[in-house]
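Each of the next two complexes has subunit A plus one other chain: subunit B in the first, subunit C in the second.
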Partner chain A sequence: MIHQDHSVELRPKLVGKRVKRTEDPRLLTGVGQYVDDMAPAGMLHIALRRSDQPHARILNIDVGDAFSVPGVVAIYDASDLEGEIKPAIPASRMPGYYATPIWPLARGKVRFVGEPVVAIVAESRYAAEDALEHISIKYEPLPFAIRQVDAAKDDAPLLHEEAGTNTIIRREFKRGDVDAAFEDAAVTVKGRFRMTRKTAAAMENRSYLAEWDSRKQSLTLYTSSNIPGVIRDVLSGCLDLPGTRMRVVAPDVGGSFGGKGSLYGEEILVCALARKLKRPIKYISDRLEDLSATSQAFDELIEAELAVTKDGMLIGLRADVIGDVGAYSIYPWTAALETVQVVSFLPGPYRMEHYRGRIQGVLTPKPPTGPYRGVGRPSSTFAMERLIEMAARKLGMDPVEFRRKNLVRAEEFPYRTASGIIWDKSAFQECLQGACDHVDYPALLRETDKARKEGRWIGIGLASYAELTGIGSRISVAPGMPINTGTETSKIEIDATGAITAAFGISSHGQGLETTLAQVIVDELGCKLEDIEIKHGDSSLVPMSSGTYASRSAVLGGGAATLAARNVKAKVLRAAAYLMEQSVEDLDIHDGIVTSRNSNLTMTIKEIATAVYTQMGRIPRDQREDLTASETYDPYLGTACSSTHLAMVEVDPETYSVKILRYVVAEDCGKIINPMIVDGQVQGAVAQGIGAALLEEIVHDDQGQAVAASFADYLVPVASSVPDIGIVHIEADLPNNIGGFRGMGEGGTIGAPAAIANAVSDALSHLGVSVETLPVTPERIFQMLRSKIRPLDASPQP
Partner chain B sequence: MSEKTITVSVNGAYMTRTIEARTLLSDFLRQDLCLTGTHIGCEHGVCGACTVILDGRSARSCLTLAVQADGSEIETIEGQGSVDKLGRIQEAFREHHGLQCGFCTPGFIMAITDLLRHHPLETDEEIREALSGNICRCTGYENIVNAVRELAKERGPLE
Partner chain C sequence: MNRHAGGTKRVEEVSFAGEVADDMKPAQFDYIAPTTIDEVAAALAAAEGEGKIIAGGQSLMPMINFRLVKPTILIDINRVAGLDRIELHGDRVRIGATVRHHMTAADAIIRQHLPIVHEAMHHVAHMTVRNRGTFCGSVAHADPATEMPMMTRFLGGTVIAYSQRGRREIPAAEFFVGSLVNSLEPDEFVIRVELDAMRPDAGWGFEEFAKRHGDFALACFATTLHCVDGMASDVRVGMMGVGETPLRLEEIEGIIEGTDVSEPVLDMVADRLAGILMPNTDIHASADYRRHLSGVLAKRALRAAWSRAKTKGFKHNE
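And now, the complex of A and B:
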């Protein structure tokens, strides 16, 4: 930062600067504190016996001589917790929905392989795992339908009899007369798209530690959650403890990507057992447990059809989607979060009058699906952007030109999509242009043509999308969900030493919010960056918070920080005005120093704080006010974040492996707080999207067993799987919220699968195949080509 | 349970402990020595979060028994630098934003320590290949590659 003189007009701002992260030193030196790094005296460990059956009645649990293992303290099944806890109910006002109750240990039945049944508590994890082997559970296997198309049938075996059906969600979005639009259409294209099941695979597995304070009869849960406030609120009900006796803290958290953004039964369990045994209880998931029991993603079957005029204007879209929601609806988002967003975002950033999107969410004996970076939109963008490219090809039109014709234009905002989402003004067209300019699109087309003539399988693919970020109280993040996700609170305090603490309920788990929120406060309050401590991830800091998810923390946290900082600044200036005998209007603060337009007098924030708090009589009693403020921000509506991705890939004609040759993202995330962090988010999210497009897949076989049991089976991208990403930032009109920020943490995973699917389809276009299932692995390419080349002995695609 | 007394040098300090013979090196470092900077990400040797340097070469501490390290020299993230004085690799990671959640970071830094000592790292392709034994879910690797490129350039060609 350049230190300039303190003229009132010339202020170097921190927002927009590449400020190095304040959280880095502790994380780089190994002294960060993740849950598993905590070891209070007397701590016990839990190991869980999980179901090896997809659907079965529990007939008998025999602990055998498990207690003979040295160090074993207690063994529990669901019956031991009866009357001590209440289940969490993922409620929703959606008609026809059934909220499956969430218990920590299976009661009566198991409903997926990996569901916890028995908890062993021991002095060490080693001992607890030794004891697991002594437990035998007798099951009566029950019939089940593992595939969503079968589970949706009327005569399918029921997973939750109380629901009376496996289809716990139905929703339809409709505008205009879509069937008539199809009758008039010059060109129609359709596909059956499938984004297979994924898992977030954060590097830190889910980790929980509960401590019971016998003195205060209170619980503290340390959790790897990214929604500690929501967890506190629900546990307060499950354990019947008021918020004063139930505190939830998320310390350093090793990534989430959505996987740690819901309540887990193990969180209820460690709390219940810490209270029962009056000792600290720790449960750390291992990677197998993570792959088989952390919430999973996507898994929709999307049958979609697009109608276009002969001039290439979109007129109608109709889609039927079956979402495989797994065995339970998750708290608080419900099984509608992922599924309903697929049909609400399917029309994308395009102008289109007629639409019908129908979704059914179906229970199957698999781990629940839940939030995953991008929620719904990676699937919907994949389906829609494939249709866009298919239609452009059929019309003989360049896909860029086709998109340009149909993307909502600047003068059309705010635009209400066919599903009812309102896009505020964002750089839809400019992002498309920006991506094309960055790679010199015409030159890239020529390069591709030339390479093809040499026999190489090269293709270009694009994806344009918009997402709704920073959602306020006008709409719920998940449909019909009864909890508020539209506000966040910031509490800023200057203490007697002049140090500044800013507390938030949101919970940074890699986003660098300790740095970016401090940047926002520095600009608003005029203090020094190093004088601010950002506290977050602790339910005791603010009255209510729903956490960090859905690209909301910069918008809502940044907005709340701005309001609170302005408020505190006003108090500092009022005190300064009295102490300096100046009028408030003539004062300003920069770099921690209050200056006046009309005099050479200056005071530091520290001097003012000392005067306010510790020097009796410096300020008259009736004018003295604490230098603190708490403000809650509600952006009411959300704001659109738009982007175009462009990928160039090469498929190896011998191994069918896909190599990404070029990749560019052009995006409009509004005002950028820290370009270094924004670029890092884009790069990381694109890498995750590349994983979804080419590598990652959770597979359950016909017996309901989870096939991906380690990182050797569930392949996530490594350094050699990912190219350098070209990034173009387009700052168009700023959104109408405080600060002008748009949320941008999820975008990369939304655009990348679609862009890569389009590029691979383009590379294989001479062979007449179309990518409709992701990941497009070498095996899938082999199967697609085999069915084209030798249709007679083709077998169905896996 | 059979027990064994082992002595190791960790970041230059000798430590003697009596442990169960089956104790993993990762658990030994984290639980017996309270050096929790070494993280455990998968426990089957794929992710590299638990990487330490064992007698001069990088090793997966989750696939190594502590008793195998008896008499050995171990380097962990705690030996690289401190909050008020970062080591060179740590500084490069901070400058290039080579970390987000920080969980995989100690493993990367230890792996890179070994790579800088033994690997030519002359091209981006070589750097990416060399880093592909460690998984990072946050960064997309580009900034880690940038940091390593700078460090390799600073080091110069291997002798």
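And now, the complex of A and C:
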């Protein structure tokens, strides 16, 4: 243990401070380095011909005069790569699961519009694009079912014949006797909820550059990925190269939001072709390719029903979910990531005994679904929080009071949910209260009543949720997935100049982890912020890594950094104790200076480093130790992060446009490392959630074509779509995790769609309609009001 | 491709230019930037229908980058002197071919003589687009859901086309043929659009609805009218986003003309609109919703226009 005294306690800590992001000067002045900024000598470019068919057999590929275009080097289809690579298999231990293999170019069949079929390699992207026009592909169109309900039928055309079915996933989570609970229930409510398909729409499109080093017979892939470690490990297998000859680097990355968090065939492709052609190969996707071939989100049909006692206690929940997983499994997350999380998290932060959640994951000829900020929980929270509001309304209870009754209370933690997730301890009740206090909820209700009397359509909606973040080795992030997502390594070195390098397996792509992890290290090690360089996003830094996803990096990276910094600090102090002739217990480090409470002697870390490394014999060789440490942290269970969102909206009674009047988030992410960064994450994620609630929708028409092919049709929120967002931080302590940090990068997208859906439903409540599909566009409100075919609640009042 | 590492600043710039070229998406084309309209006309004629005029490029470049349009030559008119002006000529306002949206939005003549155009400019895309895009370019692009073609149709506009064969004046009613289709001959280009200036006593209303500010309109209704002895006179009605071209709706004008623009009149307008409009269904809105929205916007615009006209109407009575 580190010796503590009052002087140490009084020293200012960086954790908890609004430290300006150290990565921003380079990113904001245009000197960041993204994949597309790299141009090694001799580099070639790829352009891809993608399928314009949703499901078809490839009969013939004719390259025509493509080679007549100056600069064209080579043209490949799947058959040219058979001997070069092995496919990636997104395996899972889930029973009955079929893992579709991942090849970079379509083999025999195409299975969605946008799937790569032919790669043209040329001296410039321009030449490659010109040559694409000469390629003609003859297809035999095959029958397909574009909607999941049709694809799930027994006689539906099969997308992958090898699977023998389109329904490649079936799971059931249950506890208790849910059907009996429903028989006993005083009140039941149900709905058929749907979050339509989304895409992550990061600012930087997916970008890859592979370099083959003939001298070392090794490959380096520069990728816009947020999981370079996972990519290294899988490519090592696909390309049969050991880790010493297969390095994956994620340089500056312009956002992911999940979309860059899986292996892509193009990553295999640039690597295979760089090795084959012995030249650097670059592929940069354009926005159309990003919208049509980057992994997409959600797209479940959730039929859910909630049973409640007459005094408003939740007793049972049952749900049947059909997930539209798209045409392929993705690596490493499998096709089950999204749908399984929906039923895992559906019971939410509530106390409830009886549960049954069933899912089917169905293949359809669309881009694969994959990680998207919030994974599963935006959909599950939308469904559950709508049910909560519907039940409260039916009981005549205030939805806040109803939630207060049912949210797990402080004394009940750790609480095992009906689906088996363990909430360690988090401020569920306090977040609800915090959001209500922030807006003066009773006053807001009065304001709403007054506005309604004037004929305005105003509504208030809440959403309370909990998510599992910083997941350790006990559970796989995706079900049955054979990769390790539960540990993170930090390697800290003080070099001979006294500079400090801290290397991680995480891969910051907008989270500001270069700043937050340095803050943690400063507090633990006692050095100066500017003396630390945080390295990340490079598979060569630590032996095993995965990356940054699933709200894990502050928890796991921060924990590993703490352990490694403590270890290095102990070594510095041992060296200092010898050099200063003091007892280790009397020494401490602050601002890079070692002081003793028994002496006026001081030494800087730089002086100690010089003594250790440079001045031979200064420290006896049996006492001399390098000022380095590598530590791995495994939080084992992971930790709950919870929040309540509250939205007040106004619906125009004539145009049906929705305007957000008030928005507040009360959240508990444990110990806050940097409040400015947490605020930024909340603001950004709520904006993204507003997009999901009101605007964004990937639409495939009945012909299987992707209709939203540009940002004129895929509508992301703009500045005028996002209101001021009030943020209340509640820092519940977390004794079991090093540092007490909880992950919080995803929460906004989880709470916002549900809160807005509830608020819009409330605003429309006098009209007898209920929001069950998001985004709730003016068109959808128009259609609901016109038909009114669905009453607020189908089940009879007892 | 030879790349030079290091070296002088000049060499770095050359290699940077090479990088940009690598990333281009369009099919190959030639480029010319003439300085007179006759040179433009000659180049366009020489292209034999395969040439495209570029001014702001805000509609053309995306189409070129998607290779939906593959011109053999781009003829840049930005260096032609004298096309970047807005002028009042009698009772007509002339807008030259290189007048940018931001110029239209800030122009004093527009603000005074065409306040409805000034208002409409608030709905035109975003700052970056407004800084480059041009009024006449948008008219030539003939998108039925954009403001400039609508204003041209609505305000009795005339498109002045030019070619080696000389000048041709095309009334807006004949200019807009279909969605993204105009009646220019292949060798003609737009040098100017002329619009009726509004009378000082005109009341006007402009209501546009889009999912996000600056997006293409789901529907838009514009009107000008005058109040003479308490009755609506000289009513004009235009719409966009609800047909293959921008619309001038004489039938609706007829319903309003001579009335007191009361709520029953507005109801009649909304009912009739639902009957005559044939909007598209797309991923953003159904035809039925657009019809509904048209009635809503019509009422709002007419109320605003009538309220403005009434305050000016009696002043006008001589």
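Keep this in mind: the second predicted complex is superposed on the first by the 778 of 798 C-alpha atoms of A that agree within 3 Å, B and C clash if a C-alpha of one lies under 4 Å from a C-alpha of the other, contacts with A are read in each partner's own complex, and residues count from 1 in each chain.
In this text, contacts are C-beta pairs under 8 Å (C-beta built on N, C-alpha and C of every residue); 3 or more make two chains touch, one makes a residue touch a chain.
Treat the numbers as computed from the prediction; the structure is a model and nothing was measured.
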In the overlay, answer first, second, both or neither for which of subunit B and subunit C A:126 touches.
both
After superposing on the shared chain, does subunit C or subunit B touch more subunit A residues?
B
Could you tell me if A:114 is touching subunit B, subunit C, both of them or neither one (first, second, both, neither)?
neither
I'd like to know which partner A:20 touches here: subunit B for first, subunit C for second, both or neither.
first
Go through the superposed model and pick first if A:725 touches only subunit B, second if only subunit C, both, or neither.
first
Between subunit B (first) and subunit C (second), which, if any, makes contact with A:479: first, second, both or neither?
neither
A:323 in the overlay: touching subunit B, subunit C, both, or neither? Say first, second, both or neither.
neither
Is A:286 contacted by the first partner subunit B, the second partner subunit C, both or neither?
both
After lining up the shared chain so the two structures overlap, which partner does A:201 touch, if you call subunit B first and subunit C second: first, second, both or neither?
first
Partner chain in contact with A:332 - subunit B first, subunit C second, else both or neither:
neither
Can you list the residues of subunit A that meet both subunit B and subunit C?
36, 39, 126, 286, 710, 712, 717-718, 720-721
In their shared complex, subunit B is touched by residues of subunit A numbered 20-21, 23-34, 36-37, 39, 70, 126, 201-205, 252-255, 257, 286-287, 509-512, 676-677, 679-680, 682-688, 710-712, 716-722, 724-725, 748
Which of the residues in subunit B end up touching subunit A in this complex?
1, 20, 22-23, 30-31, 34-44, 46-47, 49, 76-78, 80-84, 86, 90, 93-95, 97, 99-106, 109, 124-125, 127-129, 131-145
Okay, in this complex, where on subunit A does subunit C touch?
36, 39, 41, 45, 123-126, 129-130, 133, 284, 286, 288, 654-655, 657, 695, 697, 699, 707-708, 710, 712-713, 715, 717-718, 720-721, 777-779, 782-783, 786
Which of the residues in subunit C come into contact with subunit A in the complex?
1, 3, 5, 19, 21-25, 27-28, 62, 66-67, 126, 209, 211-216, 218, 283-286, 288-289, 292-293, 296-297, 300
